[in-house]
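Heads up, there are several structures right after this.
After this come two complexes, each holding chain A, first together with chain B and then together with chain C.
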Partner chain A sequence: MTEAVARAISALRLNRAVLAIALIVLAILVALAITGDALAPMDPAQQSLRARLKPPGFEGRTGIHWLGTDAVGRDILSLIVAGARPALLVSGLAVALAGFIGVLVGMFAGFRGGRMVDLLLYITNIQLAFPFFLLAVTIVGIVRPSVSLVVFVIALGCWVPFARIAYSETMQIVEQEYIEAVHVMRGTTFRILLRHVLPNILPNIIVLATFALGTAIVMESGLSFVGLGVPTRTPTWGKMLSEGRDYMQTAWWLTVFPGFAIFLLVLSINVCGERLRDITDPKLMGR
Partner chain B sequence: MSFKAIPATFLTLGLALASSTFLPSEALAQKTVARVALSGGLDRLDPIMSANGTDLVVMTQIYETLLKLDPKTGELKPHLAEAYRLKSPTVWEIKLRKGVKFHDGTPLTAADVKYTIERILNKDLASAHYSQLTTVSEVRVIDDYTVEIETKKPDPVLMRRMQPIGGSGRVFIVSKAYYEKHSPEELTNLPMGTGPYKLGKWEKGASLTLVKNDSYWGDAPDVDEGVFTFIPENSTRVNALLQNEVDVIQRLPIADVERVKKSSNAHVVASPNGLVHTLLLDSSKPPFNDLNVRKAFAHALDTEEMVEGLLGEYGRVLGVPMGPNVLQFDSSIKPYEHNPELSKKLLQGKTPIKLNTFTSDGRYVNDRDFYQVINEQLKQVGFEITPQTLEWGRFINMMQNRSGGPFYIIGWDFGEGDASKMNSFLQSSSALSVTQDPEYDRLVTMAGEETDEAKRTEIWKQVQKYVHDQYFVAAVWQASSLYGFSNKFDWVANFGENLALSEFKTVKQ
Partner chain C sequence: MLSLVHSNDSIKPRSEIPLLETSDLTKTYSIGGGMFYEPLQLQAVSGVSIRVEKGRTLGIVGESGCGKSTLSRMLAGLTPPTSGSILLDGCDVTGLPNAERKRVLRDVQMVFQSPYSSLNPRMRVAEIVREPLDVHMRSLSKKERDERALSILNRVGISREMARRYPHQLSGGQQQRVGIARALVSEVRLVICDEPVSALDVSVQAQVINLLRELQRSLGVAYIFVSHDLAVVANISDDIAVMYLGKVVEYGRAEDVLQRPRHPYTQALVDSANIPDPVLEKSRKPRILTGEIPRPTDPPSGCRFRTRCWMAQDRCAVEVPALVRRGNSPQAVACHFA
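Coming up: the complex of A and B.
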């Protein structure tokens, strides 16, 4: 008995430590995304063909390249710093858009029921059956990539869970007696959804959003990897990965560091998301 | 249990040793097989229809041309033709080699040559080589081994198009009887020519096997069998070589040269006569219809540093858009010098010049890096570039519609050694030309009709100077063609891009 308690306590401590680290990493990356290139040790766009493909720790004319240089001699550390903004901005906007549309559609369907539900399920099923990446590559391949297009495409890839959760939760809530009471008092649909349904489903949506953010970052990197990401002055993390692919055997630092940056960001977001879920889950209350 | 296993191991080991002692004699009887990894897949193996790079690698082993090039002098040498002469200013007479047989045993005759040329000129078929033979008006069979080709006007370079290198002609002689008997699909899938190798087995998408043609008219090659596989991914291709899965790889990336050199089982084969890369400016549209903007563009680039940095010893900067092996090459014209101050002055009041560009990635040696460096250097003098990477198939289609963007890189094989190749990207009538310049067209038409070799060279030198002064091409560099070879084989790569299985030599180890 005491042993189990001790294990639980140590697990809890470990969880806390992991959470703390995740929060710190996330805070740093968000700070980098806000400040942009300003915190980069060197100008990330500065090329130097004489210092191309140099390993971590190489001392160039502009200082020490702590994470080495890429194929045209840019500082990898500075590129990663500069890449935090597009990674977070694009995925953040995409999740916001997906959440907005998904919740709106889901709540409406849950409230109205009937035909609307069939339509919603029909559309989401089609979308889930269609490989997202194929869809994304087709759309971005036809239209010239831009920030808004990539945000739209990623949002298209992650709005379905929002709609489904919002739909099922709304359906349960509207059957409650207090909603009927509002009906009786002739409350408008808009008022019911905004004042009574939304606040009740919001915690779940926020938890979902954190996980969707992780997925969106991976999607953004994937699109960048195949050359369909947002056009930026310096390569995004996904683009760095694809550019470094040819040098994987001869210059590992081109792929390992940006890959690690993506991994770290997504992991931190997921750890935080998990904790958020635990907090909002009434079954786990008080832990 | 375990001590029972030990004798068994010894037994297996003994057997292995015993069998290995038989190996040398076995090897003598064994076929020499060269496994070649191509950088792309195969499409159509009909030499009349296809000009695709990987198709050509296979087709040049199966089919042959009338003439070939001497690697040392760059002069034309007999091949399927024994002799040729200019009978009158517009009539070429060609004598065919006797005793040449197609893979199906039928002899090569003058009728096959006539049929081949007429098939290329058949407009309904849309042959990939049609534009190269437009001067031909008639092909006449005189007897079984004599053909006459009549041209509409004097065409001194027609015979250069009868050799396989460089892609300005590639008139591979096909069998009339075979072509008349088979459907276009069959011809695409079952190539049959006079070459040192014939088609063994073609498993679409997986591999293609060529076997030695035992009744070949020329010298028997060292390699009995060639197995071609397709590995588009650069590092996978290199790994396949280093792990002995293949013996030869095409397009060895510069980044991996050191790895191959250091390995114990493979070496690098390089040919300086690789692709000539041209940075073409679309001078038919703004902003590059303005000579000063073209000039500013060219002087903004540090091509010397770029080529040194990205290609090292496997690249060279050129002053004119043609290979130094070209007979008319003018070495006195120097590349544009790096002078960003001059560029800024020329662009005063015009900046920023915004350009939406397209780039390729992986088509040419380090092309992505070249584009990145070029774009950054252009930014320094006031250009604003928004690049987008395109898949090559789509990109080349856009180039052929003259909508490939304001500037881009195309590589050209100048293996045939004649300046007229420049017309492919500078003459207004060519599909890939973004230059529409009447003066250039006038000069090269004059050169094309000049039969006196010395006078012709003189005109081509004038053309080169004109092209240089007009800044149609902002930068030119040549990259060596690099191959990775297993130490079991060696090859002297005379003509850059043209892999010749029959020239491989086996190396005793």
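Coming up: the complex of A and C.
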């Protein structure tokens, strides 16, 4: 008995520690994204033919390369710092767009019911059956890549769960008597959706958004990896992975560190999202 | 019917036009059905004609599945009737275009059965009560609307401090008071109470009913009070309509219906209510109904109550009894032998 309690307490402590680490990592990455490459120890675009493919800890002319250098002698650490902004910006905008469209469509389908639902499920099923990457590569291949295009493509890849969650939650909420009360006071559809449905589905949507953010970052890295990512002055994390691929046998630090940055960002966002879900669970809310 | 009411409008004094009158109100639902078979027709409400005077209370009583909730939803404008008419101040609202109907039906509000689920869990009490004013009293400033909401809340016994809380922080009785305040905050004339106390404890039921009566006296609103509990309906109603399987079987002034029930179903209902006198309670021989309410998709022919009636004869299976005054009874009864 006491053992079980002790175990529960230590698990709780562990959970808290993990959450704290996740929050710190996230805060650092967000700070890096805001300040851009100002916090980078060196100029991330600075190439040096003499310092090509040097391992971590190599001391070059401009200082110590803590994470080594890449094939043209750029500092890996500085590149990762500079890559935080496009990674967070693109995925953040994409999730915001996907969430907006998905929630709007889902709420209307849930409210109207009937044909709207059939249409929604039909579209989402087609989309889910269609490989995202094929779609993304096709679109980015046809249109010239830009930040807004990549945002749009990633949003296209993650709006479906928003629409589905919004739809199923709305369908349950519109059956409630407090929605009938708005009907009786002859409130508009707009009022019902904005003042009554949206605040009640928002907690779940926020949690969903954190998970979608993780997916979006991976999608962005994937697009960058195949060379269809955001055009930037320095390579994004995904692009670093693809550039370092050729040297994986001889210079592991080219791929391991950007990969670790992606892993860390996605993991910490997911940990925070999970905690957010626990906080907003009505079963855990006190009376 | 409609033209008759309108032509009389100028001759009759205003008070003779009831606040609400329905004639032959019917709601039929189609259930199931597909490519190869016909859908089942469920007549939830069948030819109901009732009237409510200004500032009075009509009680509607019946067991679950008798169509009383469907009836109240139709009267509140939540469900369109299949046929029949609803006259509000002598004006047929069923035929009106949407915008016009919305304007007319503002005068009708509703109190719901479940106190908790009828309040949005993410809105504060004061906001919930202010909402009807937000919808159609935009001419008032936000501050005035807030004041009105707080003053009606005060009247139903919810303090300013409680008005800042969320619904889940209130008790069931308090939640239902908030629901009542929301129904009464704008200038309403008819409130439809659909089982407003059945989810509450008995002691709280009495408080809420007393509150409703008090508000009726001071505000002059009319109620349609729907319940399965005859004792509760008896307590608040001026008139009572007893429903069975979608039809009104007895309809008249409350004391007539309760003291001299004519329809066997009403008699059984009255008998089933407890008498708070042990001597009387022991000596009486209540008529207890047996069996289940028949399926509404396949109601019995003739009188719908005949399958459970101790007076049923061959005639009841053939002839549908009309709801009329019979003999010297002051109330209308739908039974051949009343």
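Simple rule for what comes next: the second predicted complex is superposed on the first by the 283 of 287 C-alpha atoms of A that agree within 3 Å, B and C clash if a C-alpha of one lies under 4 Å from a C-alpha of the other, contacts with A are read in each partner's own complex, and residues count from 1 in each chain.
Everything that follows uses one rule, which is that a contact is a pair of C-beta atoms (placed from the backbone, for glycine too) under 8 Å apart; a residue touches a chain by one contact, two chains touch by 3 or more.
Note that this is a predicted model, so its numbers are computed, not measured.
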Combined model on chain A where chain B meets chain C, clash or fit: fit
Which superposed partner A:Gln176 touches (first chain B, second chain C, both, neither): second
First (chain B), second (chain C), both or neither touched by A:Pro145: first
Vertex chain A; arms to chain B and chain C (CA centroids, nearest 10 degrees): 140
Touching partner for A:Gly187 - first (chain B), second (chain C), both, neither: second
Partner chain in contact with A:Leu49 - chain B first, chain C second, else both or neither: first
Chain B versus chain C as contact partner of A:His196, first or second or both or neither: second
Shortest CA-CA distance between chain B and chain C [superposed frame, angstrom]: 50
For the chain B and chain A complex, residues of the former touching the latter: 234-235, 238-239, 253, 255-256, 258-259, 305-306, 308-310, 356, 361, 366, 368-369, 372-373, 376, 386-389
Chain B partner contacts - residues on chain A that touch it in the complex: 45, 47, 49-50, 52-53, 71-73, 144-145, 227, 231, 243, 245-251
Residues of chain A touching chain C in the complex: 176-178, 180-188, 191, 195-196, 199-200, 282, 285, 287
Residue ranges of chain C in contact with chain A within the complex: 76-78, 102-103, 105-106, 108-110, 112-114, 117-123, 131-132, 135-136, 168-169, 179, 182, 186
